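In what follows, structures are represented as structure tokens.
Each of the two complexes below includes chain A, the first together with chain B, the second together with chain C.
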Partner chain A sequence: MTNDSYSSKIDIRARERALKILYEKFYDVLKDVSEGRPPKLVIKKRTLGNTIYDAERKLLLLGDATFERSLLDLREARKFMQTLLMAGIIYEALSNGEYPTIRDLYYRGKHTIRYRKLPTKSIGEENTWEEQAESDSVLRDIEVFSNVLREEMLILSKEKGKVVGDLKIRSGDDIIDLSKMGHGAYSIEPTPDLIDFVEVNAELVLVIEKDAVFQQLHRIGFWKKYRAILITSAGQPDRATRRFVRRLNEELGLPVYVISDSDPYGYYIYSVFKTGSITLSYESERLATPHARFLGVMMTDIFGSTKLGKKPYLTEEERRNFIIRAKERDIKRARELKEYPWFKSERWQIELNEFLDRKVKLEIEALAGKGLKFLADKYVPEKIEVGDWIE
Partner chain B sequence: MTNDSYSSKIDIRARERALKILYEKFYDVLKDVSEGRPPKLVIKKRTLGNTIYDAERKLLLLGDATFERSLLDLREARKFMQTLLMAGIIYEALSNGEYPTIRDLYYRGKHTIRYRKLPTKSIGEENTWEEQAESDSVLRDIEVFSNVLREEMLILSKEKGKVVGDLKIRSGDDIIDLSKMGHGAYSIEPTPDLIDFVEVNAELVLVIEKDAVFQQLHRIGFWKKYRAILITSAGQPDRATRRFVRRLNEELGLPVYVISDSDPYGYYIYSVFKTGSITLSYESERLATPHARFLGVMMTDIFGSTKLGKKPYLTEEERRNFIIRAKERDIKRARELKEYPWFKSERWQIELNEFLDRKVKLEIEALAGKGLKFLADKYVPEKIEVGDWIE
Partner chain C sequence: MAVVEESFKSISPAEFFYKNKEIAGFSNPARALYQTIRELVENSLDATENHGILPTVKVSIRELDVVPEGAYYEVVVEDNGVGIPPKYVPQAFAQLLFSSKYVLRQSRGMFGLGAKMAVLYAQITTGYPAEVIVAPIKSKHIYSFKLKIDIRENKPVILNFTTTSNILGKHGTTVRLITLGDWARSKQRIYEYIKRTAIIAPYAEILFRDPDSNYLLFERTIDKLPPPARETLPHPHGVDIETMKSILKSLADRPILESLVESFQGIGVMTAQRILAEAGIKQEKKSGELTDPEVEALVRVMRSFKDIKPPRADHLSYLGEEIIVAGLKKAFEPEFATAITRKPSVFEGHAFIVEVGIAYGGKVPVVEKPLVLRYANKIPLLYDEGSDVVFKVLDEKKGIDFKVYEIEFPSPLVILTHICSTKIPYRGVGKEAVADIPEIEEEVESALREALRELRSYILKKRKELEEIEKAVAIAKYIPEIANSLSKMYKVDPQEISVKLLELLNSRLKSFKIPSLSSVVV
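Let's turn to the complex of A and B:
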């Protein structure tokens, strides 16, 4: 296969851009070496201590603290070499028109270095890296250092996100009409920044945590009737799904509503869409959707709330049949959530306290079990209409 | 939403068909009741003892042993009631134009029955079912009894399978060109029997276990160059992906090649495509692809084989960097596989013995790590050309 013969024009442009930035960013290191100076990299710290919740922008962001990674510092020499090794592998893959994954980057770089120990001159052996956790961490350093996300370096990954709706996009060399997917759906590409929005005819975005419920709402025609773009993250959202949702909100101005199970894991899935994830805060700037709204399922949807003047959506009998007792780890997780700054709003504290008082949870499927038409034609549209979401 | 206003014509027809069959199948039970006879159901046993490997057809199938489920047999009364309850829920869902999932069928049927105990006349309580495992098992009985798969009853589920390639299909009311998916892919619908193949321009089907490797081969244009339909099961294949692959093989006459990790779990994924799964043997007749070929990754691809006159695809250094030591559970699983009738062929025994001798495994990603072009332009096409697969 000759280079690029089958790559889309968009990929070729993206590749050239990434090559250029990587070259510029690492040029100083090469210059240091060639001019006999001890080479070093200055990188923002990705520690919890340097992860800051920006209450105004409603984002988890990296702070300004940096560290120096120097070849001639014994504690840092290994990491320094790993960083240059990884940068070299990515540069080579881009030059060759390849599309590595984080798993195969690990394999590409994995080998044993033999060296002569001083002063005995015996032979020592050291692996470039042992586990993928190590190579992944190095890749994150490169993302932070170069300010280029791995997707922009055409590093691919497993993708779970799906979408249907009245939206035409350009991806690769094709124009795709997401309203013409039949009973299936469009599986979002790993590099959603390379998508162009060509034509949109929708009023809102509805993100469903569970793939099976997405299938149900799709099949019943929910997105046609309510002019929605329907998305599923199929559980914990991956980076591509988050970026795609953010772009729909930011560039098309569409309000984003998220529906998850009513338990701390569901609430956290929403917060990953909205605020970002704690471990990968450097991506939030691009991946988070600060205006995403939590539509449900809320504890106050299940039990109602005199404080909020809300009637419950479930009868007492339905509650008896549908709710599940919370496990110890659910309760522990809810207590953690209560302490996160982005769950400190009065509205979230009501939900979390209700959860901790009742110690029960509810799956979205229970609402579909009450009737798909209840879910599609009452619960979702009514809550949107009266504004019963958490911002 | 009025009935069917947004359902595709195909769904409306499928619904009518399922309603008719269910009605006919359960009619005798209703007749028994109305004419004062003790009602009963005769259902094929889904036990391991009644699961037979048909060596000629190369399929795991249900045998002919049946059991009677009778209302007036105390041991069976609960199951009998559950079966009628589930059939009723499905019938009602179909009549209402709904699309239940197995999870919400569980919720739809879950409630507590209060009854008066004899002889004390105190009040007893019994739940229709406790866990989803119970309602799922009842659903399987209905599939076996009515000879209608749950997909034909428009029961939906989470779907992981994706496809790209030069193939036009009709799904719902749309015609979809699977060669125009850009960098994304088409996510297969939960009801693949409702798909029509409109136009095909391909010579083979390549099924990749790992979603990320599928993304890589797609992006590098593998399917264009080799006229392939490229599919991923994203791990253990779901029913829809298996049925879709089977239809490509049976109806379009395309050879099917499967690539998985080289370890017992990977080999078993292939065998689920080919032979069916042990726990759900009643589906094999429709879902399995007996002619599916295991292309790799084989132990003999890694180490070569003097017996087979094969050279290894990896150098000694690559083996050192790429192979992973097998865990105790891998070895245990390989020993189980060796005893399954459908792994008893001489060719499979060579692979399994090699695995048990070496006690190492290899991921597909390691081959992509050796170079995506190696995987796409040498390994896969060369093995297909020389016929180095296991039937």
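Let's turn to the complex of A and C:
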């Protein structure tokens, strides 16, 4: 382990744990081969059919259905090879004290297999994998198979999420004060589990889908005024941001409010924070924040609701200026959302029906456009105060 | 129908044949050279294999003098056959004859008629006599003749006759003609004929020397001969008025009852009595005294008479599956060849046997439509194939669908068909196509389907094996990757893991084993 002397102790411990688990999990393959049995891996299926919504825990979880990936099965042989190839690369990277990204893993494993086609003996060429989608896919299989997430194997990804607030953390061997980031913000590291919360002085977490709106709220000091930890996922949240939010909620007991665009894609981003995503359902247990609250932007914020006794935040004229006509794919997506079990609550059905009736959408920026002060000092605090969120 | 001379009795047809030479295939110098080769080669094969002798036939064509119509060629055909008895040689080669009695026998040639035409044509075009050298089996002498035909009198003229001692104990017949021909225009046809003949007669050794001094040797690849063709009497169902009249004329003094019993197969005294009763003819009546209406009635009753055995087929000379396969293998070195010889069947009172061979792969040319080699009584049929019964069976729209047999064209497929019978129902005078008689068509189709089913099984088996090989390679190529990964994780010897994985893979394969990883992974 060449870089040991400069690596943090937390990383070293994480490496040792991941190495041990991988060694044990793949040992059966070696045993099968030594004892003359066809080697195989039994892996949980990562399909929509094997994605289960646990209504009680409000989580999207991976079901128990499994499949066998055997070398001697022609349909699975290539994937079997790729899985072993990936396991070997990760194992080696962990042993060497490295921090590969998923792109690195892709390049490290990619090479050409040259073989003779029989009976013609003409030379065939095949790449171990063609696109990163292939190597990413087997990485997910290894996560599911070994029950170790990529962060725990010290595989890095691009940092996307940002955070500011009155919070001190330990990252590696350093203490960082997230209230002293100037105009910038702290990038949530790809291994948020290796962060320690040192000191907290906040009452709530506000997650903003849009980076630009996050910056605006940061610059006018929203987080100081309302004792908030301000986070942006800059679009679809990455795993680190989700895990970080989950830990704030779970370990510090802070309520989490999410603000996204008012359209099916925005609503789904919220649901990813809350219940997990379909493609990564095996991580929900660790990444999802079941108590996250959807603060807005709601359809009923735009149009009001007689049923809920709610007045609109926008005037007739503002609506005319700010709302955008929904596209065909937005409508199709909304219909899909309506059928997901975790959108089946009465409150969500009201929002989705309103969307499908009006066939319009609204971006968060439009609220900032009405006035940043409106957003920071009226819309957000008022909705939190009166409890106008969806659980 | 072949006409066999029993007692030799000459009429005067030489002039007639000369004037109508195109009927016999001698219409121009190119056709004549081809026809001459054909007639002589077919006589040679009949003179050998019908008598249990493995044929060795030497054919030579040399150009002598160029003339405006073509050139004079010396044609020599030599065989190791039984050898014609010297006393018959003049008539056999220089007198056109009709027979006195009708019997039937499957044969290639027209019983010497063709050879006589060749002699006649040579004599007329070049003026040279025919030279015939014969050595019958066990003959102490070799007899040489120089013969001409007296066309007007239809009599053989012996110009020269010599006898030499047969020291080497040879037997066979050699015919040497100097004839007008056109090699350039008949070359392709003659080569095709020789090659096709060699395919169907792998038991023959054939040496061919062409006028350009090219030698072509077809070696014998099988020592088995087809059963010899034997003579048989006509069957009542196949008789026609002309044949009947000839028979009655030759037996004019005999009672009609006796004539029927003697001249036809399947007719005993009882049956003859019933036939005559039905035709309203007194059984004692002399054969020569039947009136035309009586002959017509007799033929009508005989042709449709039910209570009679079907024609015998044991006199037919079929090739058999072994010889056909040997011929196809010799010519095409295919990866698969099979043949079907059907049981005898009957059309219009004539027994016939259909045989089909197919060869697939190897050196068989890849073709858009199956390559078809047609034969009738072991003679290759080279032309007019579109109107042949075989092509009706192969018709693209209504005929056999090859996809059913897993064959998608272009494909390396050759089909050989052989029809043997005492009467081949040719279409037209060219004798290059067999008419689509329903009974024959049905047999050709059944034989072909039977052979194609065997091919299909072979193709499916091979495909399965190929699939297994592909599967084995698809998996084996990953073995080094897996061994490497396991060695990274567990510090094991990758070589050892590879060997174990290959063993494991091989143990699951049925038709194929990968000898070593290095034979797959480069």
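Keep in mind that, in the parts below, the second predicted complex is superposed on the first by the 377 of 391 C-alpha atoms of A that agree within 3 Å, B and C clash if a C-alpha of one lies under 4 Å from a C-alpha of the other, contacts with A are read in each partner's own complex, and residues count from 1 in each chain.
Criterion: a residue touches a chain if its C-beta (ideal position, glycine included) is under 8 Å from a C-beta of that chain, and two chains touch if they have at least 3 such contacts.
Only a predicted model underlies this, so the values are computations on that prediction, with no experimental measurement involved.
Shared-chain residue A:Val42: touches no atom of chain B or chain C. Contacts of A:Leu156 after superposition: chain B is touched, whereas chain C is not reached.
In the superposition on chain A, A:Ile12 makes contact with neither chain B nor chain C. Using the contact criterion defined above for the overlaid structures, shared-chain residue A:Lys110 touches chain B, although it does not reach chain C.
Between chain B and chain C, the partner in contact with more residues of chain A is B. When both complexes are overlaid on chain A, the residue A:Ser187 reaches chain B alone and has no touch with chain C.
Looking at the shared chain after the overlay, A:Ile331 reaches neither chain B nor chain C. Within the superposed three-chain model, A:Phe322 lies in touch with chain B and out of touch with chain C [touch as defined at top].
In the three-chain superposition model, chain A touches chain B and chain C at no common residue.
Listed in rising order, the residues of chain C touching chain A in the complex are 466, 469-478, 481-482, 484-486, 488-490, 492, 497, 500-501, 503-505, 508, 514, 519-522. Residues 22-23, 26-27, 29-30, 33-34, 36-39, 71-72, 74, 77-78, 80-81, 84-85, 87-89, 91-92, 113-119, 123-124, 126, 128 of chain A are the ones that touch chain C when the two sit in their complex. Chain B meets chain A in the complex at residues 1, 5-8, 11, 96-101, 103-108, 110-112, 154, 156-160, 162, 169-176, 180-191, 194-195, 210-213, 215-216, 219-222, 224-225, 234, 317, 320-322, 363, 365-366, 368-373, 376-377.
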